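Shared chain: subunit A. Partners: subunit B in the first complex, subunit C in the second.
Showing the complex of A and B:
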């Protein structure tokens, strides 16, 4: 295992000890628990998370005022919101499998939301944006220093909302409102219905619905998060956690001391780090090929490539 | 005085030029005709900042773009420009904004003033002495007592800018003001943060104002001051003038939408600099000791009439003074005159900023709406709004038709003050001309207007009120 997992201080398999969180969470409830703990401890005074459109509609003061038509019913459409309480955090828990522009709120969080210490969760690309914003704060005056905790989540690729709509409503033949949970695991896209039905789609089907921009990304495990987490590598209901930065280390140690998580050594669990490494390498190899092909794409000019 | 002595006096007066003037925003110069004793007979203070042309850029743009462009004219009081331009658009299209939006604008405006006064303190401090000593103040020295003053100034600026950031999205070039209100209301948490900061600022503002007023008073009690090693007699009426004052509100502004506006477009007239400034002359007094780097070399040709990049706005046919003293004279019966009065008035506004901010925060309902339900497209009628920028009344005039700006004009604070200050220079020793000028807290770049000259320096076009 090499650079594909990024730099990290510790890696464990963990899950929340809070049953209420586990009920709402995607896997081990790591992000929800960490933010909940950080809010309680005053490490952050608010966090930017992906909530549902219904939540944003109910609490417009917590969301970005943009042009999205709030009256237009779109279940499972993620909307970034700033939450300051545990109750809101639970309402926003769980993965939505489509694009949530969390970084768009980072400046406003320090402005009209009045936050001094912001927590943010995001995919690897969003972590890169956050770190870039901290290094080169153009248009982000005073924002960098306010980012107190950045949690990264593993990401192979992401889907636009229309893709998820197509996958669920056409391929899985389920109404969006009737979906309880979506998941990608064991090489399949799983859709769980509220009535108990389970549909699995082979990932081969979902590939064409991916966002093309994701195919140049060479980061699977959110290398730039303070802490990054995802289900891959750990048993069902557990999450793999990489503690990466000093901030991450201190928050994780405090959360452990407070009994927020139960952990198992990553070496002891199946499928373990080998699986994470394998998928990370798969993503990197596959996307490097796209990057290479883009170099000569078009007539006499290549497409913009962020990694070369 | 018979004719021969009059002629002698004219012959005896010398011309000295201080260019560029320092420790203020923008690029300006002083051309002074002085007598034998070095006392200014005629003073011309002119902007030589290149023309921005914002008023031309605005034509044809949409009303929401123009305040953003207008704001870019300068980074010291962009908030005043944004608010005045936005409200001029609203006045033209006749759009009433919700109360909470107005409260947010009040807070934004005061935050800007708080940080601007603090900045001005840093700029004028080197003119003054530590009271009771012969040591001039260097605000950047690591030694006490100046060090803690500098730190206090920095904190006050930080407080002002942070409050501006929260209420307006950005402390320089605020992004949240919109035609019709504000982009969004603040959260309850943000309101508390602003309140806490205003409270902290109030304590510091009291301390800072006390310190500055003591320093200013002790300076003006002196008989002589030192300028670049020259011992200069300090007149007790430094900076006195007999022009009127113009202030439209104790801290905010007015607009043509109001039932009883405190400014009248019909009493205003724009004139050209060559009606007011001196013509071509040759510099015949040079002082290499004058800080920094001496005055302009003897033999240099100067022509304030043609070099000045401003227009001269008149109110009731006369140049007027705008700024903190004008506000305090108009609304709070302040009666100190001259440069001393100006600087003290500015310091007295420190605490007012924080008090007003807290009052506005008390009034602010964080769940209230901040955008008007209906925003008209504009029928082409003239609308104007004034905003009391830190350095004076900033009046913007606009005409919007079918959501396009047809006409836009900015009468910014320092434009008003140029001619007034030129009058105030008379009777002062020329070495103190910059002290008088700094009393106006000049912000020159936005004062620069649209004048087009051809190759022979002949005027071919000028932006006048249409």
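Showing the complex of A and C:
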């Protein structure tokens, strides 16, 4: 286990001690609990999260930017919003498995939303965008120092909304509004219905629906988050947590002292860090090959490679 | 004085917004001038206004090729500077001056404006309209480290400035269309939202998580393209964001 897991100070398996949060959470409720704690403590004034379109409809003042086909009824379509209360956090909890351009709000959060200390949750690529934006703030005036807590989530790949629609309605034969939860784990794409039905699709089926931009991504565990988390490596209902930066270390220590989480040593849980490492290496190896193949994509013509 | 780098600032056809952004470093600007930078000439912030021999010159604004004086000053800047930095959208990409058709008082014949890279060789770009105070600060500190730092600092500054040097080599156009042709059409966009956040005129929205530009609003500043993590991304630099941010802040303490 090495570079594929990024730099980190500590790694544990954790879950929230807040029963209400666990009811809404994807796994261990890490992101929701951390933002809730950070809001209570004034570490952040608000956070950019992926809420649902229904939430954005109800609270148009909290959402901006992604306004395409807003009149359509589209369950499970995430919309980036700025939330400032715990109730709103809960409404946005859980993974949606399709694109939510959270970074699009990073400047606006400090402008019309008036936040001095911004929290943001995002995928590894979004953490890369955040850190590039802090070092090279080309269009992000006064934003970098306002980013008070950036939480990264593990990510193998993401899907366009229409891909999720196709997977749920065509492959799993379930209506989007009837879905209670979606999950990728144990080599399957799981769709849980509100009436208790469960459909599993082999990941082989999902691959062709993946967003192409994900195939050049060389980060699985959000190496650049202050804290990053995901289900992989931990038992059901728990999350693996990497505490990475000084900010992350300080916030995590305070949250632990406040009793926000129960934890287990990552060495003691199954499947443990080996599984995280294995999947990270799989992703990075596969995508490095994709990046390499871009050089010789055409006849005497290659595709662009962003990495320098 | 001996340890400072000499800096000049040439002001062509720009709105002085870049100058204001530089000044908006407030105390940081004073620290820069105090410890790292000997400002040799600058139309707005220094007594000396004419181009002199310097280590680094910043050029704000595009170059009106119908204005003999502007062309001469730009050429002289190139001749007398070791490093030329194009600061702001107009100098890098033409920006709003691309839309000039002349006819304005009191020089109606001044109608053709080019990014400075179309007239002279440019070494480093600081895009953005306006460029941010923090970006100008970071480049200024890195330029100092490049010229006066230890071996380690030189390496860091080289790695940091490399993408901005590559941007200068890449060319003199960048607008939302470049995001389309070089990122989206190339299958690289992953819907992070950076472009919309960076756009100074809110010309970019997202539709189903992917950027859509209102091209009539686009002012061709290049902020979206250069902010995008899939236009250019340096793992060497960005993975050390914490240490680099701390080093920059420490330099300005």
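The rule is simple: the second predicted complex is superposed on the first by the 303 of 308 C-alpha atoms of A that agree within 3 Å, B and C clash if a C-alpha of one lies under 4 Å from a C-alpha of the other, contacts with A are read in each partner's own complex, and residues count from 1 in each chain.
Note that a contact is a pair of C-beta atoms (placed from the backbone, for glycine too) under 8 Å apart; a residue touches a chain by one contact, two chains touch by 3 or more.
Since the structure is predicted, the reported quantities are computational estimates derived from the model, not experimental observations.
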Checklist entry - Just subunit B (first), just subunit C (second), both, or neither: which does A:13 touch? => result neither
Checklist entry - Touching A:240, do we find subunit B (first), subunit C (second), both, or neither? => result neither
Checklist entry - Which holds for A:163: it touches subunit B only (first), subunit C only (second), both, or neither? => result neither
Next on the checklist: According to the stated criteria, A:216 is in contact with first (subunit B), second (subunit C), both, or neither; which is it?
Outcome noted: second
Next on the checklist: If we overlay the two complexes on their shared chain A, which of subunit B and subunit C does A:98 touch? Say first, second, both or neither.
Outcome noted: second
Checklist entry - Is the number of subunit A residues in contact higher for subunit B or for subunit C? => result C
Checklist entry - Touching A:277, do we find subunit B (first), subunit C (second), both, or neither? => result neither
Checklist entry - Between subunit B (first) and subunit C (second), which does A:141 come into contact with in this model arrangement: first, second, both, or neither? => result both
Item to check | Doubly contacted subunit A residues - partners subunit C and subunit B | outcome: 65, 108, 141-142
Checklist entry - For subunit A, which residues are in contact with subunit B within the complex? => result 45-46, 61, 65, 82, 84, 108, 110-116, 141-142
Checklist entry - Hey, which residues of subunit B end up touching subunit A in the complex? => result 162, 165-167, 169-171, 176, 183-187, 189-194, 366-367
Next on the checklist: Considering only the defined contacts, which subunit C positions touch subunit A in the complex?
Outcome noted: 21, 126-128, 130-135, 138, 160, 162-164, 166, 182-183, 186-200, 205-212, 221, 223-224, 226-235, 237-239, 241-242, 244-245
Item to check | For the subunit A and subunit C complex, residues of the former touching the latter | outcome: 7, 65-69, 77-78, 80, 98-108, 122-123, 125-126, 128-129, 131-145, 158, 160-162, 211-218, 223-224, 245-246, 303-304, 306-308
